[in-house]
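Look at the two complexes coming up: chain A is in both, with chain B in one and chain C in the other.
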Partner chain A sequence: MNSLKRVFENPAVLTLIHYRVIVILAATLILAVSFVPGLTEFRTLSLSLDRTATLGLVAVGLTVVLLMGKLDLSVGSTLALSGIATIGLQAQLGPTGAALVGLLVGVLAGVLNGFLVVVLQINSLVATLASMIFLRALCHFLTDSNPVSGEDPLFGLTVTRSLGGTFSPRTYVFLIAIVLLFVWLTYTVAGRHLYAVGSNEDSATASGIRSSRYVFGAFVFSGLTAGAAGVMQSLATNTGSPVFGETVALTAIAAVVIGGTRLEGGRGSALGTLGGVLVLAAITTTLEYESVPTYYQNIVTGSILLLLILLDRIASNSPRSALSLTSLLPSRNSERVPTQ
Partner chain B sequence: MTSATTLPPRVTEERATQRILGWIALPAGIALLVLVGSLLSEQFLTTRNLTNVLINMSLVGIIVVGMTFVFIVRGLADLSVPAMVAIGALLALGLQPSLGSIPAALVGILAASAAGLVNGVLIGYSKLNPVITTLATGTIVLGIAQASVGGVIVYGNDPQLQSLLTGRIFFGIPTIVLIFLAVALGGHLLLGRTTFGRWVYAAGSNPQATKASAVPLDFTKAVAFWMTATLAGFSGVLLGLTLQTARPGIGTGYEFDAITAVVVGGVSLLGGFGNIPRAIGGLLLVTLLSNIMVLNGIPTQSQGLVMGALIAGAVALDVYLRRRGGAA
Partner chain C sequence: MKSPLRLGALTAAGAMLLTSCGGIGNENANADGAESAEGLDICYVAAAESHAYASPANAAFQEAAEEQGVNVTLLSQEFDAQTGTDQLRTCIGRNPDGIVLWPVDPQAYIPGLVEAQDAGIPLVLINSPMDDDAEGLYTSFTGPDTYEQGRLAADVLNDELGGEGQIVIIAGQAGNGTTLGRTGGFNDALEEMGSSIEVLQTVNADFDQQRALELSRDLISRYGDDIDGVYANDDTMARGFIDAWTESGRDVEDMPAIVGINGQQDAFESIEAGYYTATIVQSPEEDGRLALETIVAAATGEEVDSRIPIPLTVVTEENVADEEPAF
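What follows is the complex of A and B.
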């Protein structure tokens, strides 16, 4: 046991653990490049990125929610609902208007979550579970459980077709979202406040930050990105389906956590999330190319996730920080569970 | 740090009206549902329909018993339930030809139990976040379960065991319901009458004080997760044997069904409060509601409109009552 401890206190090992996202990303990318011929070609790369864009955009929104120490399970249902709005309203509002309504649906779903968590003080896990069930049922109710298809299949093609030989528009949307998130979290006061609220909501409030507004805003932001992902996915497939995005919430949470964001809040970064999304994309591309069945992919993905949270646990300085339940308690009394 | 902020309130001064409301809300809700159900549909109050309700309850109910422990011990939730259900069902049917029905069923339960041990060690002793840990182990276990049977739908070939499980051997009560009642009774006694049960409540209401009182906090938490996984595996075995067919996605939604029941039953996600009868009551309420909606022609997929509102309403009411009562 002692020798194990010494290994983990070795500076080199600590550095490796500290940069674990980059290490695991490099490893999976090298693996992907060596197994999939032509992955380094721009066209293949662009296609792989295009397929990841939807998941990536959802992950961008979830990064902020997880930073606040909350969870959002409802993103998959939001994605499906805004997709249905985007396609189903095309006849009445035209493609652009319907897409805007799709975004609005995402924002409204976020407002619903924010209301449940901030105003009604419901724990975010249960609150977003309720809204996940509710919104998914709404999708089925509105469509009679049948997928709806759009008026103009050509309109949606622009979303996936690459722009002037580079990336597709939805890849650009994802990458721009990552850059904006990076700037937001790193260079703005609001970003710093996000970390403050995520680390300790009460201290943040005591320091004059309106914590509950930030929490509310985080859910609205997550709803917006899930809505945007839904708009893009439904346009690309020219379909709005009530079963879209049923697994996306858990996969996106996995991507964000692989990127080094902690569920307890207060730690995480935009570039980490980009790394997490790319790790998952590289694994999927490689294993699909080698026609490894999906269930082996699950084993690999789950193991990487487990490995990274264990490393995170080792890397964190305070031994009890993973026990912090700050995120779980209503804001008024979260300080009653001190971590140390 | 002052004691006022660091110590959770141990004694709750509730007003009598609120205490009464907290106690009768669930039974009253169930009674109201029975009344509404019998008014809306003639088939509702028939033995056949109510037996169906009980059968539908039983498989989720076995998981609810475990999930209640996880909730009370402040372990949040176990999201690996679908994988445990799937590994139980897949192995119980997949290994039937080579091992025979009963040994195959045992292997299914043992596999889920072993995975639950991993959950327990990681969450209890390594103190990882329960949500993300059970998400990861669930993904891995589901992958292993599928790989072990070749990723296909498996079919069972033991109609005798199937008819034994769905058959009525005792006053017309199906065997599967009896199994569920036995598990629920066992869980209730374990939680309410044993030292371990006291540890569970203690660990959930005040981890620091519990640790200071030399209660094995890590062990208690670990056991809660191990139990949930084992029970989910057991439920999966029963599910597989009753259907005599299992696909990898067989357990999808069971985790959310169980969480819904526990939450509607008023068991606190913040730990330290609740009991098995309440959770079963919540499950009964949810199942009755779903049954009434089915009888009145509302499709299952759209029932979430009511269920989602029910979950949010139940928890919001719980939070509101506790705040008023000064508990949390």
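What follows is the complex of A and C.
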């Protein structure tokens, strides 16, 4: 045990642990590139990124909710409901109008969650579990349990076809969302307040931050991104299906947690979430290419999740966890000297 | 149809030369212009991996591929159309010689089908049908005619009940192409033949025995002995009803007329035991093998029919001894 402890106190190991998301991401990417021929080709890369866009957008919204120490399980149902609105209302409102209603549906779902959690003070797990079940049932009710299809199957191709040989529009939406989230969390006062509220709601309130507004806002934001994901997903498939997104909530939470956001709140970042989403995407692409059954993929995902959470605990218990890479480097060098 | 196929084969051959990732003996054109199957890359988006029907179908598909020296990349969408549409796009991105898709939604793959067609990749639908909108966007659809299965089931149940009575329908996943075909064909046939059979209720048990058991408990406690007949979209769900019936303390002898589909072993046994009216045999092995053979034919430039059904056999007490269960 002592020797194990010593290993974890080694600055080099600590550095690795501190940058665990990047390490895992690099490892999975190297694996992906070595197993999947042609992954480095731009077209394949662009397609792989396109696949992650839906999950990624949902994860962007969830990052903020998890930062607040809350959970949102309803994102999958919101995604499906937005998609149904986007496709089902095309005849009445035209494609653009219907897509806007789809986004609005997402916002309203977020408002519902915010109301349940902030006003009625229901635990977020229970509240969003309830809205998940309720919204899913609403999807089935509105569509009579049958998928609805749009009028022009080719309209949606614009969402997934790459723009001028680069990435698809929905990939851009995801990447821009990550950048905006990064700027919001890092450089704005509101973003800093989010961390404060997430770390300790009561003390944040005591220091003059309107905590409940931030929590409410987080749920609305999560609803909006889930709605946007639903709009894009339904356009891409020209289908609004009551069964879309049934597994997306848990996968997105996994991606956010792999990205270093803590369920307890107060810690997390936009770039971490990007890393988490890419890790899952790389695993899926690699294992699918090797025709590895899905349950093996889930074993790998589950193991990485556990490993990262354990590493996270080591990192937070260690006094060095607050150190940056640059401050660790000299100390590693100075410790190397006596051994030589 | 012919020229895009040729173009597809050419594009694929060109891509392989460029990336030099093809196997040995690729794309050997022989005298007729048809090419060898050896070394073809086929991308297969399957419905699921572990499932009573899908597993043997996938196994037969891969076995047939091995015999012909065809490389298969199998992706499983686990009955999730959202995953499936993404996987289809991944398949297209890999530029294989052919794609086989098991649609679990009648619509959602259409944009993907268009892209495959644009990329000149032949595509075969296995097992489940898609909407009319998809027609012309794929090379061929192999697999059972689920609508016809529904009609056959209606015939046999109508005969058994003498054209009248009250029945319940235990359907598969809502919105699934197979469910829509089997249930739609059944209802349409009853209406066309002017049957007085009344459908008390239709429930969706998702092709899952446990779910069928739970829903059947509710059906039995609600309608009880008023149920004269049961139509289940597959034999697995019919089994769920039988279990619920015996569980409720009722006698096997008083079992309503039951019609299922798939031709499973236990359905055969129940028919022999005399408390199961009929099942319709559809062989998963044949399903998987036919799809592989069709895509290989299409990828090597042969002309294939746009609809290749697998044979269906209605099995009742009269012929149960002569027929083989599908799985």
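Assume the second predicted complex is superposed on the first by the 317 of 340 C-alpha atoms of A that agree within 3 Å, B and C clash if a C-alpha of one lies under 4 Å from a C-alpha of the other, contacts with A are read in each partner's own complex, and residues count from 1 in each chain.
Throughout what follows, contacts are C-beta pairs under 8 Å (C-beta built on N, C-alpha and C of every residue); 3 or more make two chains touch, one makes a residue touch a chain.
Quick caveat, the model's predicted, so the values are computed rather than measured.
Look at A:253: by the touch rule set out above, it reaches chain B but stays clear of chain C.
Touch counts on chain A: comparing chain C and chain B, the chain ahead is B. Of the two partner chains placed by superposition, A:97 touches none, neither chain B nor chain C. Residue contacts after overlaying the shared chain place A:140 against chain B and chain C alike. Legend: residue contacts after superposition of the two complexes on their common chain; A:306 is shown touching chain B, with no touch to chain C. Once the two complexes are overlaid on the shared chain, A:293 sits against chain B and chain C alike. Counting contacts as defined above, chain A residues 140, 145, 242, 293-295 meet chain B in one complex and chain C in the other.
Touching chain A in their complex are the following residues of chain C: 19, 21, 49-50, 72-76, 78, 80-82, 85-87, 89-90, 92-94, 105-112, 114-115, 131, 133, 173-175, 180, 204. Residues 37-38, 41, 43-44, 47-48, 50-51, 54, 140, 143, 145-147, 149, 153-154, 156-157, 160-161, 233, 236-239, 241-248, 285, 288-289, 291, 293-295 of chain A touch chain C in their complex. Here chain A touches chain B in the complex through residues 71, 116, 120-123, 125-127, 129-138, 140-141, 145, 242, 250, 253-254, 257, 262-264, 293-299, 301-303, 305-306, 309-310, 313, 320, 322-323, 325, 328-330, 333, 335-338, going by the rule given at the top.
Against chain A, the residues of chain B that register as touching in their complex are 1, 5-8, 74, 76-77, 79, 122, 126-129, 131-133, 135-140, 142-147, 151, 207-208, 248, 256, 259-260, 263, 269-270, 299, 301-305, 307-309, 311-312, 315-316, 319, 323, 328.
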